[in-house]
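The data blocks that follow each hold one structure.
The following pair of complexes shares a single chain, subunit A, combined with subunit B in the former and subunit C in the latter.
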Partner chain A sequence: MASGAGGANVAATCIQPENALSTVAILLSAFVLSVTALLVFIWSQRSSMFDKSAKAAEVIFAPGEIGTREDPAAGTALGLGNAELVDRARADASTAPLVFFFFCCAFAWLLVASAAGLTASIRLHEPDWLAHQPWLTFGRIRTIHLNAVAYGWAPMAGLGIALFVIPRLLKTPLVGAPFAFLGAALWNAALIAGLGAIAVGLSDGLEWLEIPWQIDILFVIGGALVGVPLVLTLVHRRVEHLYVSVWYMGCALFWFPVLFLVANVPGLHRGVQQAAMNWWFGHNVLGLFYTPLALASVYYFLPKIIGRPVQSYNLSLLGFWGLAFFYGQVGGHHLIGGPVPGWLISLSIVQSMMMIIPVLAFTVNQHQTLKGHLDALRTSPTLRFIGFGGLMYTASSIQGSFEALRIVNAVAHFTHFTVAHAHLGLYGFVTMVFFGAIYFIVPRVSGREWPSPGLIAAHFWFAAIGITIYFVSLTIGGWLQGEAMLDGSRPFMDSVTLTAPYLKWRSVGGALMAVGHVIFVVHFVMLLVGRSAGRVQPALLRNF
Partner chain B sequence: MHSETRLLAGGMTMLSIATGALVVIPYLTVRDATPLEGLKPYTSAELRGRQVYIANGCVYCHSQQPRARSFAPDTERGWGRASVAGDYAYDTPHLLGTMRTGPDLFNIGARQPSEQWHLGHLYQPRAYAPDSIMPSYPYLFEAKDKVDPGDVEVMLPSGFAPPGKVIVASHEALDLVAYMKALDHGYPVLQAQPQPAAAASR
Partner chain C sequence: MSEFHISPQEERENPDPYEGTGPVPWPMLALVALVFGFCIVYITRSDIETPSDWGDGRDSSELSGAKESGKVDGAALFASLCVACHQANGQGLPGVFPPLAGSEWVLGKDSTAAAILLHGMTGELIVKGATYNGVMPAFGSQLGDEQIAALLSYVRSQWGNSSSAVSVETVARAREAHKDRTAPFAGEKELPARD
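Let's look at the complex of A and B:
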């Protein structure tokens, strides 16, 4: 790290040795102190949880329900004699129209984002295609893709899932749904305006924060309105224990507004400081918004479907507080080698590596829970998507930790390698988990089964093979690109020409993913128009 | 975990620690970095050009942050010395970038000072670099039958203009090129004044 710190910026080389030493000492002691404090904090959270039969983990089951698999099957296994199950049915009914609305929006943005992403990908190897249309130039259509995912698909699907799951976990019908309806309408109006602004070239100019701040005001109001029923329901809850999923979803819903507000205040940020803020936001919107929403879904649906409480409550605590503490500080690794203070970069690299702790805690916990129930991965559509997503969470997080190391970052930074990593996280993990959750929830809120197990399997394989091709090709291409750029004896143009075949493969992978999404949406429309009439059994997968 | 207050207080504390480190301390230390001697404020044409740069998303393929020699051969490629906070005193929003699908542009003005080259390259990058994957920007230009007074004609390599037409640059293209020509951070980082006194006293 010492050589890297010298390389980080010119100013760092001017620091006197004693100063450098004291900086390291301060950083080190601050780090040790904060990790100790974190462990004490986690310990305090597990008070009264010393007994092995962690009651909090069983809160998602009605009495006697452990051992019963719940899968998308409207009406099955609902013995109305059980008061808890009646409560759950009431909670589901209270959220149905709202969740349905969120999912419809999510589907629309998924298609928009797929089309924009595919166009951007093709434009990188066919640069003169559609060149006369300003809004289709790479710099704009790529940005439309990112924003349609970041503010369209991901939050609409994630918040829809949260609105469904939270009343179930709190055993309380949703309070104040009209607020969320209004909020979602405002949010979507804002996104339409925002994408339009980007298309005509109005942009705030910061990655992840392109939408003009005037429009951001609508997002803030819309988002706050969506949060109202979740807070009201929390206040009216009828359970004592807050389940793991509630920790993740609850905190995500408070973290995101802070991130979004601080990042978008006009005139507050400037120059290099703005760059540091930019990546504090850019990484935290992934780590403290989409990731917790998706992890909450895994923590709820995986145990629910296999009918077995999550293995270790203590590991859940470690995973949650570890993520909350470490993830927030990793953003600076996007600026390694850049003109920002050296200590900030070092801090972010250290915390990126520390992220391995919560990731392993999550992985071991889910693996232990799933042990002996692997057959459910074959039959349950939800579990198959969520299982894939969970694995990709581990893979992308571990990859991300190592990518922050200077030696890896020197090659991977500024290349398509990073783009591949981003898609492993936001698609392989978050999006796949959301797909799985939607397969579970839609039959519950619509009262209809999915019409065709074959279409679910097709969606899964198109998405899984698509992201695999996407990730593998861009990872290899990006790494070779980085090595070419680091070799001063090779002309820069080498790093461009060598990526050409990999960029084409990326378009192939992207096209497969898009086909999967079209199948998904068509299947949803079939369900709406009543093609599942007569199906009373859950749409479980048989072969594939 | 029993109490939602404890949960949210804990969660928000974690976020404040992160915000303190990544937002507040940089705000206090580097936000108002003094412009280095030799760094000129942008002219109004250059600022308009900067907006064109933002509007068309140049930042998604071009960084503006050369790295130190110990890190990468950026200087050897002619991209300039490693940049420091004082280089960005007039850069709001920042355009540091995270991709190098194309080369770093922090010193493009010094590397390529020709307005005609920039205009022609924006109209059709492949007229100058056959393997380039940069988009062409025909919508920043106009194909006309003849050049009118006040027009800036783009002199393209033969075969790249539509037959029988002349290519004329729009105001946006001219502003953008003005901005790129202003990207020249060749002045030294370490300012000279305090050094001689210190050396003399020693």
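Let's look at the complex of A and C:
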């Protein structure tokens, strides 16, 4: 209250120069011009597409007519002489060991991240548990959880999927795979060092950027080496038209190094700039790295499995360029109420709302593709995970757009509500899609089938029910917490104590998810030791 | 690169996907117009005409608001330094952090309470019949006499406590009396008398 009155006094005494341009007018004109330019740009892309569409489709589409779903009863869809099949087998042969290595790393980090996350969650309602180990205190174990997901599980799984999918879509064997092997090894070494540094209390002190910058140098080198074969393969590609999945994956591999490098250069940003940069990175690493990798996976695997083309190239364009243009500016909504220029905040809020457009373009496109084939969601493990993930993309993105509005943010900011939202996006959407993609890819790179449909179903239900409990409990608890903090007549401690039951439910949800992950990894080990015993029929889900 | 083997998994797959050229449905276009319109209205109505010289032109005295005759706020000091252990209700945590409400050490001799704040203490302390064995940090180098006096006066008047206010002079004398001390008081036996 006191500071509000002080602000009014200052405002009253402060006279603006007469000829100052209105900030609103500048912001509004910049916004309208840029969005109009974007729409014109998308239109021009679409027009030129029509010239090439017939040819492009020929290049992409095999002579074999659209097949049926992946189903043992359907038998073999294509003969051996088929050119696409040969390209596919060549592409897979060039990536298999590499993709396998990435997935093994991803599995290890998934388990580490689950253990750290569950520990952090339990610490919030059992603060005395393990209280004498400094590295197990909430501040460090939560950070370990975040970094193990952000730089371990998600990129290892996502890049592994990209390395598998891109050569297939370019009909070109991967060029320069040893670079990626070396890069992945450096990356994982960096992450081990980074988590160790956090555990002993060394940190850069910025959320999402905690790992000390000296270690970040290794990430930059490792990441660049992983990118080399993908660029080389693009250069050597044998198709003219790039399928939509390649746009997303290619751009994610370009965007992430820019984000990571700029954000980690020491001493470059200070004060308010540093805060603005922090959330520019923190939000973009979600929207311009994990999200495009997962969207690309949906765009590839969903039509692949049901055997129909993606319905609208036009919607794909709208979804891709919308994400590319709007997303980079949304991070400022994390700083609502902070000492940041008002125009920057307002711009980030309107761009958050504009994100509704690409999100719904994607959703409508997938829905049209899936229409009439919903029963495949029951039988195909990949499609079940990816279908769930796609729905959660829509849900978490729309929620995020509205969360950016000042009126919602005033309640939700600094509460568990935001944590629930983050998990709906990075778990409900990204992680579930990656699970689905891994279920498809592993039999291709290992030549072995998943041993047990029952374990796949168990993994799905533990994960799906776990994230549901997690999200619902934290969303309710977070909202009540925010309302309690805004109520001046209640002591602050009320807003803390009222969250206790919701935090316990969060631990229940988190434990279910962790059990699902253990089942997943055990199942993978069973596959490796040959428990599917020469079976060549896919593990399909029935009656689960 | 020519070495490859077509596995049954690869063989049974559908062809790789491609894109149809379906049109953008009109509700989608309507949505684009709607969201665009909303954002224009939002920017027009948003309160962002903050003078651009803000943040640079103001000094700290302007930003911190009107000063109340330089009086130190004991409640604010308590909230920032003490509340984590002794809790907002002054009850501490049973068995871990002793209470301040009704504590004989708080309500007793003011110079003793000042000495504890100045130098901190470790080891056994009996408060309201319960024995505590924790660590109280020293605030002598962090807080001035005036701040310690305000803090003690606040603690001695809250949660049912009603002892007299502590003067700056009392704290200054306590600081002088224990000026040779370098370590915290080791338990109750080293503390000065409380009454």
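Basically, the second predicted complex is superposed on the first by the 497 of 544 C-alpha atoms of A that agree within 3 Å, B and C clash if a C-alpha of one lies under 4 Å from a C-alpha of the other, contacts with A are read in each partner's own complex, and residues count from 1 in each chain.
Please note the rule applied: contacts are C-beta pairs under 8 Å (C-beta built on N, C-alpha and C of every residue); 3 or more make two chains touch, one makes a residue touch a chain.
Note that the structure is a prediction, hence the values are computed from the model and not measured.
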So in the superposed three-chain picture, is A:379 touching just subunit B, just subunit C, both, or none of them (first/second/both/neither)? neither
What is the contact status of A:262 with respect to subunit B (first) and subunit C (second): first, second, both, or neither? first
On the A-aligned overlay, A:339 touches which partner chain: subunit B = first, subunit C = second, or both, or neither? both
Quick check for you: in the superposed arrangement, does A:168 touch first (subunit B), second (subunit C), both or neither? second
Which partner does A:204 reach: the first (subunit B), the second (subunit C), both, or neither? first
I'd like to know which partner A:247 touches here: subunit B for first, subunit C for second, both or neither. first
Identify the partner contact of A:88: answer first if only subunit B is touched, second if only subunit C is, both if each is, neither if none is. second
Should A:468 be classified as contacting the first partner (subunit B), the second (subunit C), both, or neither? neither
What is the contact status of A:493 with respect to subunit B (first) and subunit C (second): first, second, both, or neither? both
Report, in rising order, the residues of subunit A that make contact with subunit B in one complex and with subunit C in the other. 3, 6, 10, 14, 56, 272, 339, 341, 347, 492-493
Show me the residue ranges of subunit C that touch subunit A in the complex, using the header's touch definition. 1-25, 28, 31-32, 35-36, 38-40, 42-44, 46-55, 58, 62-63, 65-66, 88
Within the complex, subunit C is touched by subunit A residues 2-3, 5-6, 10, 14, 16, 20, 22-24, 27-28, 31-32, 35, 39, 49-50, 53, 56-57, 60-62, 64, 66-70, 74-78, 80, 84-86, 88-90, 92-94, 168-169, 173, 243-244, 272, 299-300, 303-316, 318, 339, 341-343, 345-347, 349-350, 353-354, 356-357, 360-361, 364, 368, 443-444, 447, 449, 491-493, 536, 538
Per the touch rule above, subunit B residues touching subunit A in the complex are 1-2, 4, 6-8, 10-12, 14-15, 17-19, 21-23, 25-27, 29-33, 52, 54-61, 63, 65, 67-73, 76-77, 81-85, 87-89, 91-103, 125-126, 129, 131-139, 189-190
Provide the residue numbers of subunit A that touch subunit B in the complex, in ascending order. 3-4, 6-11, 14, 34, 41, 45, 48, 56, 123-125, 127-128, 131-134, 137-140, 142-143, 201-207, 234, 240-242, 247, 250-251, 254-255, 258-259, 262, 269-280, 284, 288, 317, 321, 324-325, 327-329, 331-332, 334-335, 337-341, 344, 347-348, 410, 413-416, 418-419, 485-488, 492-493, 495-497, 500, 503
